[in-house]
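Attaching a single structure in structure tokens format; questions to follow.
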Amino acid sequence: MSFDSFSDFLAMGGHALYVWSCFALGLIVLLGNVVAPMIERKKIIAEQLRRIRREEAQS
Amino acid sequence: MAGKNWMPRWFYQLASPRWCYQITGKLLPGFVVATLLLITIGTVWGLAFAPQDYQQGNSFRIIYLHVPAAYMAQSIYMTMALAGAIGLIWKMKVADMVAKSCAPIGASLAVLALATGAIWGKPTWGSYWVWDARLTSMLILLFLYLGIIALNSAIESESTAAQSTAVLALVGLVNIPIIKYSVDWWNTLHQPATFKITERPAMPPDMWIPLLILVIGFYCFFAVTLMMRLRNEIIRRERRAGWVRELLMQQRG
Amino acid sequence: MADPLLQVVDLFCERDDRVLFEHLSFNVFPGEILQVEGQNGSGKTTLLRILSGLSRHYEGDILWRGTSVTDSADVFRRELLYFGHQAGVKAVLTPEENLAWYAALDSGIDLKQIPKALHAVGLTGFEDVPCHMLSAGQNRRVSLARLYISRAPLWILDEPFTAIDKKGVATKEALLLEHASRGGTVLLTTHHELDLSRHVRRINLDELSGT
Amino acid sequence: MSETKLQPLAVAQHETEYRPGRIFVATLKRELQLALRRRSDLVNPLIFFLMVATLFPLGVSPEPTILMTLAPGVVWVAALLSTLLAMDGLFRSDYEDGSLEQILLSPQPLFIVVLGKVIAHWMITGLPLTLMAPLIAVMLFLPAEGMSGLVLSLLIGTPTLSLVGAIGAALTVGLRKGGVLISLLVLPLYIPVLIFGTAAVDAAVTGLPLAGHLALLGALLALGVALAPIAIAAALRISVSG
């Protein structure tokens, strides 16, 4: 452990703003890349089910 | 038709969207676990246990995000161009889908690399943006990604869009080393002795091991999100196939 | 019977989620005139574009003199004349210059035949008038003049008689017959009632389209 | 109408008489002929070039010392944008009137025709821009020593711009809103030429040897001539197929 205490760790030697904003941003980008395809998947499945229902109604 | 037989069998299996969908479904959980483990370990190690840099202090810890993101942005471009080339040469639908799925992931990581680089620049150089060679190259890489995404969305026919973007990606691939070289050269010409944030001589193992873990973690992460996007793409394009219909009916319950 | 010039095997094409045709197979022999029929949107133009090699959105095989057209594209292109929706006539060039450019693209064309061809389509006296000063029908005829100078065996003609008057159509029909009698082949679509119906074989795409 | 006799069909020749030189010259001739009859297409990029260069003194400062340092970059950026402006029409008019289909279906090697078109395009945009550049350089107070570097770098650099731009034009030829898209695709690829080009001018101004920079531009051009026509030809076939 290169920090003496937890508050030291949060302070990042005065660079807290930079370090933590970067990692927050990183988390957002990574999560976004996982959540976006999940939402997309729901949307595609709903779309295709609607199409199948439409085709069934027609025939 | 000539020259087809020397490719291994899995290469042709990959060409089957159905096989691809099934195999990615099996691989996905493993990669999710690996990604979570590697990224958590790497981040905790890098943030809390790696020694601080004698010049930059703790702001140096941004390296653990910046370098993997920048590295991935480049590798994803290679992956995309390679998949595009395979799609062009062997007319493989799955390769087209991989190439299409790569672009948004790569672009988002390029943005991350640029943003972290800019934030890192503030404590290091005193300003958010410096025309540093690496950052400039990354910005141009982002432009290439944006061009590819724009072209892909402008063309209506899916197969034409895939082929056109593959050609563009390959042209970009040839250009990337030239751009990189020219930007480096331009940089030394105009700013002879700038301090390069990520270039340092011997890093102690305590510093570079977490970095290595994170780079591998990011690779796994790329695999996870690529597979998720690829599976979506397969469902959308193969919507008329019988097996997709069955799959959809199962979803309906 | 002679070997077929063009063989189409199990052709499949879909567009915008709609199957235009599937399991489409036919042979074309030397001396045949084949008319592709179908309603608007049935894929007539698409089929001709696929056969000419312009569009590659299809599955199945197309063979020219027994070899796949994708493998022997060079040979195939040398023996093909394609006439599309757009006339392919440059508005700022004169009819003569336009045809000279075709002659450059197709080395089988004899430059000396150009004045004769322009005469045959009734453009004598317009040789050096820029094409944008000509009427739509005349522009069309500049492009049709290619039929008189071409020595390619396979003609693929997409609506060749649009904007052509009745008398013009009759002479063009005679031309198609002459081409067939010298051993050539014509694939065409047209809205015109052809007088040469006795000589024409028909393919109807409406019967082939999927559900 | 008189009876005309058709000539006999061409026999399928398997030994082909490849005369790439002939089709190249024919393409060049046709393109130049077309350009000369549409004078506005010839002049517009030049006017644009002049206008963009005029914006800088107005937008930055008319101070000679400031303009002097900006001059190489401004002339190069303006030249780059002007070639881009003319790029969109390179294949579009052929696409719209159907000539492009005929070119694709001809037995002639497509990359030769494409190369001819691009070189003709350079002769009617890049070359006049290069010749006009000294005028703009004078207006921007570029020192006289820099002139040789400017003209030579533009002379070697602008063909590369035409070659790379043509790839973008070929990819977007079937699209209605191709004009904006083409700049998005092509501008990032122009960066190396811009860097080496302006560096050559800077070197000439400070009296450093030019040969190295020009050699780099020449290397880019060689690479472009070798690879770009193949990419353009592939892109055209894909675009027309769609």
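Think of it as A, B, C and D in the order they're written, each chain with its own count starting at 1.
The criterion applied here is as follows: contacts are C-beta pairs under 8 Å (C-beta built on N, C-alpha and C of every residue); 3 or more make two chains touch, one makes a residue touch a chain.
From a predicted model like this one, the values you see are computed outputs, not experimental measurements.
Chain nearest the geometric middle of the protein is D, using mean C-alpha positions.
Counting C-beta pairs in contact, the pair that comes out ahead of the other among C-D and B-C is C-D.
Centre-to-centre separation of subunit C and subunit D, using mean CA positions: 34 Å.
Centroids built from CA atoms put subunit C at 47 Å from subunit B. The distance from the centre of subunit A to the centre of subunit B, with each centre set as the mean of the Cα atoms, comes to 16 Å. Distance from the subunit A centre to the subunit D centre is 44 Å, each centre being the mean of its Cα atoms. Counting only residues that touch two or more partner chains, subunit C has 57.
In subunit D, the residues that touch at least two other chains are 241-242. For subunit B, residues touching at least two other chains, in rising order: 157, 159-160. Contact between chains, using the touch rule, shows up for A-B, B-C, B-D, C-D. For subunit C in complex with subunit D, the touching residues are 52-57, 65, 74-75, 77-80, 82, 84-93, 97, 101-102, 104-108, 110, 113, 116-117, 119-120, 122, 130, 148-149, 151-153, 167, 171, 175, 178-179, 182-184.
In the complex of the two chains, the subunit B residues touching subunit D come out as 88, 140, 143-144, 146-147, 150-151, 154-157, 159-160, 163-164, 167-168, 170-172, 174-175, 178-179, 181-183, 185-186, 189. Those residues of subunit C that touch subunit B in the complex are listed here as 17, 57, 71. Listed in rising order, the residues of subunit D touching subunit C in the complex are 1-2, 4, 6-10, 12-14, 16-17, 19, 22-23, 26-27, 30, 33-34, 37-38, 96-99, 101-108, 237, 240-242. Across the complex, subunit D meets subunit B through its residues 164, 167, 171-172, 174-175, 177, 181, 184-185, 187-189, 191-192, 195-196, 199, 220, 223, 227, 231, 234-235, 238-239, 241-242.
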